[in-house]
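Structure provided below as structure tokens; questions to follow.
Read from first to last, the chains carry the letters A, B, C and D; within each, the first residue is number 1.
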Amino acid sequence: MKVRLATVWLGGCSGCHMSFLDLDEFLIDLVDAVEIVYSPVVDVKEYPENVDVCLIEGAVCNEDNLELLHKIRQRTKVIVSFGDCAVTANVPAIRNQLGLGNRESVLQHAYITNAQDNPSVPKADGIVPQLLERVMPVHEAVHVEYFLPGCPPPAARIKALVGQMLSGVEPKLEGTQLKFG
Amino acid sequence: MSATLTKSSNRRLQAALQHASGDKRFKILEVHMKKHQFRHDALIEVLHKAQELFGYLEDDLLFFVAHKLKLPPSRVYGVATFYHFFNLKPQGEHTCVVCMGTACYVKGADKVIDAVQSRLQIKSGETTADGKVSLLTARCIGACGIAPAVTYDGQVAPKQTPEAALEKINQWK
Amino acid sequence: MQLDDLNAIAEKEKAAAKKICLRTCMSAGCMSSRADVIKKNLDAEVKAQGMEAEVEVRRVGCMGFCGQGPLVGVDHDDGREELFEFVKPEDAPAIVSSLKGGPCDVHRGDPKHPFFAKQVKIVRANGGIVDPESIEDYIAVGGYQALHQALTELKPAEVVEAITKSGLRGRGGAGYPTGLKWGTVAKSAGNKKYVVCNGDEGDPGAFMDRSVLESDPHLVLEGMAIAAYAVGADQGFLYVRAEYPLAISRLQIAIKQAKQLGLLGGGIFETPFIFNVDIRIGAGAFVCGEETALMASVEGKRGTPRPRPPFPAESGLWGCPTLINNVETFANIAPIIANGAEWYASFGTEKSKGTKVFALTGKITNNGLIEVPMGIPLRQIVEEMGGGAPDGRQIKSVQTGGPSGGCIPAQHLDTPVDYESLTKLGSIMGSGGMVVMDDTTNMVEIAKFYMEFCMDESCGKCIPCRAGTVQMHNLLDKILKRKATARDLAKLEELCDMVKNTSLCGLGQTAPNPTLSTLRFFRNEYEQLLQPDKFGPRGNGEPKKASVAA
Amino acid sequence: MAAKTLTIDGKPITAEEGATVLQAADEAGIKIPTLCHLDGVYDVGACRLCLVEVTGVAKLLPACTTRVAEGMEVKTDSERLRKYRRITLELLFAERNHVCAVCVANGHCELQTLAYSQGMDHVRYEYLFPKWGVDTTHRLFGMDHNRCVLCTRCVRVCWHVEGAGTKNVAGRGTRSHIITDLAMPWGESDSCTQCGKCVQACPTGALFHKGSTTGEMERDRGKLEFIVTAREKKQWVTAD
């Protein structure tokens, strides 16, 4: 049976997914071993049940992120924090330095101060997700099994971890493979 | 070609000395430093004296001390900010120091400070906007036998309650 | 000054004694309730009632029963003793007229109360008896005789030996054998040596040293002088917290008086021994109680500690051999020299000799200072002397050692109070703070209280203490806010272990103690606050690292 | 000078009397992780990364300030030490805002290198996200307090090598921070000689040459060693 693999994109720049696509021919090997059941690159709307492995890119920035993450944790055996935003909260968390009220000030800055036209903060209950008071790395919200740092993690590093996992050994990255940034 | 040599004069020191020249307290401070033979290790005693004279340690004053004791200004500033007894900002007309030592804490000092904070609308370490009252906490003033203790303008008051503290504060404000 | 002069002063003082002595406590606790006005009114009243010839109103230091203050004690010439408690300035006429049998409804205390009766006073023998601002008073009770004896009858090495034999251990907290420390400094090579008295009593809930300094400053000076003679130092520093203005002013007076009589300075008792003492005033930094930080502060620097070795005994102030002892340790020296090491060693237990002063505070009926022989069961202190918890509550735990110590639960109240027994229970003797907590106390909150203290007082030099205390504090806060899971508690315990073992100085190394000790004895209080780990590893109980075979 | 024989991680070693365990290990090719240590200035034993186990000593000892002794048995790499080092690094990363991805020192940072070499793949403690500023008032250099680990290397080189005493630590505990003179903008400092030694000494991206962007801030530590060797050993040309 193929491994049911999901990849998820929370608050991040999608660079980690780009790096994933840089796996080139390894992607072809991967297709033999895994079934991609949920990902920004496939058209599935609902996160499915019984997922074996989920790579999560991005920090936990808004209520949607958090809700999805909780669902992922309940439906997934192994979660991998994929890239620095997921592992450290990285650049999305810089707004945390502004302390309480940082939500309002970043929205003000993005949608009013820097607006080219029609300055207004997007608000629609139930449609536009609320920003969390504090951006978190994934493991602060749910338990995470493995960490794959890097901004973005180079394809070789992704291959190493995924490869170890698929071959059934306990995944372990070492040395420069753990380098942040 | 002729080389030009310039020497930027220390404007900050001159400003500080200018400031000092018209103020008797600097003279008193200098006498105190002399008593300690301008020794480096007298820095903390000198800062105590400076704060006693001026109420707080402003930049010019620290610069003056650094100059007289022949210490780098950064060292003087580092010492002044290490010890909580020294204030680098002016304090209020009155000070209220709530002791938060263990004995006072288990006997309700937290309730006293909560009451005072909400009455004055400031947090510990702050001064009211009108400059009337500074609120501080102490880490144990050694008056545990009469806990909880609060020091009002330097006078220790025993067995304080939120009501007693507010009564005192209301006399000031 | 020679022995005859000393004796002459003592005789003169004794001859001047009046029939009745009204001892007015003028220590910081009673002063906060206007003890100064009480003394003034008593003076005026004695005059007004024409009793100046037979009544002396004496300013004295701490009597110990601070919770009942202000206190006035009465000594009659027939040996009768009386005690007035909760005295107000307007009570003066009644108290004075009562001496002639007049009516007096001022609250009376019992001088035979177990709080007093169970005490053995060595360090505090003069507390509440002598006028701390009068060197003659101190000399009249035998003061400076021990210094004379040391200088004229003993070689420095013999003084060290006496202290070693007495079994005295450092009263600052760690309990290092005092004689051993003195011996090291004495043996260290160097022309210049220093003696430092650590009066930076920063433990919240402790005020033994303040009381000793305020009540009997000469006892400490005499102890320092004997130490200086023993180790070969000629300069002393007395480091006192700025929070203790009364202690500072009394020490200044004491130093001045001792110099005037030639008991400090050059050629003491006409020997070649020279000893000067300077006061150094702290400025609000708990870490300066740590000896290397204290030395940095004496040198006028930021009070940050440095790694040991080298120990101060070899390289201390300005690189010179330096002896650092705590106030109470120095206060034990003169009595040991005067009465002999065997006499001292007859008090206490096998490994913890002598007496210890404790500040008994918190949820306890009788608040105040007590001096008890080492080895006394904790229960005797809190129940018999302290009178148990007030308002009909039960004692839950007794905290000793302040932010470096731990909470001893009620089931261990029969533990003897000595260095080893307290350490075995995860606490420490500490400097002598004893804060009683009753059954209304939340022990996790207490742990957080102490952690917050350590976090605020961390000097910031080493990473484990600077950043670790913050994280431990935040984890405790998270537990108290009912947001933490068992994983957070595990993280807290791991951090406690790490900070304890890697911090640079004693502050960081002991900062986890209150948390560890409450975890040891009150773990259920933590666990009750934990939340289920809803988003923990999937399928609780399963192997955490499920491998995914293709 | 007398030589001392000891073992480090089981390897017999001879070191000069007075040498530190760190020096002895270094000469024997055993690498002990350090952060506050800097060749050329005195040691403070503050970062606690170089703690080692010494047989017969209950406490862990900092290799940088512990002198070698005859017969000493040192362990530099036990399970326990590795765990403590990892926690120390996690605490540092959580303490300030170390965002490697957008740091001038990315790829040339001692903190970053220590983190991956000690196997730190994530930080388990909550990030504190404090608000610290960046001082770019100096003509040549900048100071980003968000990246500072308070190793005090800059303070020590400024005082002991340059002799200017411009930098020092102010405040205490977690509010400790590096200051210039009386905590004034660096560009207004009267004492700064603009020598740049502090920038060379900094292990992270806290001190940088103005104008460097992400990953561009490389340092030349050799310059400091050169000055110290020249001053102390009167040697201006050395083999390494």
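Everything that follows uses one rule, which is that a residue touches a chain if its C-beta (ideal position, glycine included) is under 8 Å from a C-beta of that chain, and two chains touch if they have at least 3 such contacts.
Everything numeric in this text was worked out from a predicted model, so none of it was measured.
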item	value
Chain pair showing more contacts of the two, C-D and A-C	C-D
Between chain C and chain D, centroid-to-centroid distance (C-alpha), Å	39
Centroid spacing, where centroids are CA-atom means, of chain A and chain C in whole angstrom	56
Euclidean distance of C-alpha centroids - chain A vs chain D, Å	34
Inter-chain centre distance, chain A versus chain B - centres from mean C-alpha coordinates, in Å	49
Residue list for chain B, restricted to those that touch at least two other chains	75, 78, 82
Junction residues of chain C, two or more chains touched	285, 302, 456-457, 459
Chain contact graph, described as a line, ring, star, complete graph or other shape	other
Touching pairs among all chains present in the structure	A-C, A-D, B-C, B-D, C-D
Residues of chain D touching chain B in the complex	159, 164-172, 179-183, 190-191
Touching residues on chain C, where the partner in the complex is chain A	487, 533-538, 544-550
Touching residues (chain side chain D, partner chain A) in the complex	93, 97, 99-103, 106-107, 112, 115-117, 119-124, 126-127, 129-131, 146, 215
Partner chain D, residues of chain C touching it in the complex	285, 302, 306-307, 309, 455-464, 466-471, 474, 491, 494-495, 498, 501-504
Residue ranges of chain B touching chain C (in the complex, touch as defined)	39-45, 47-48, 75, 78-79, 82-86, 100-107, 138-147, 149, 155-158
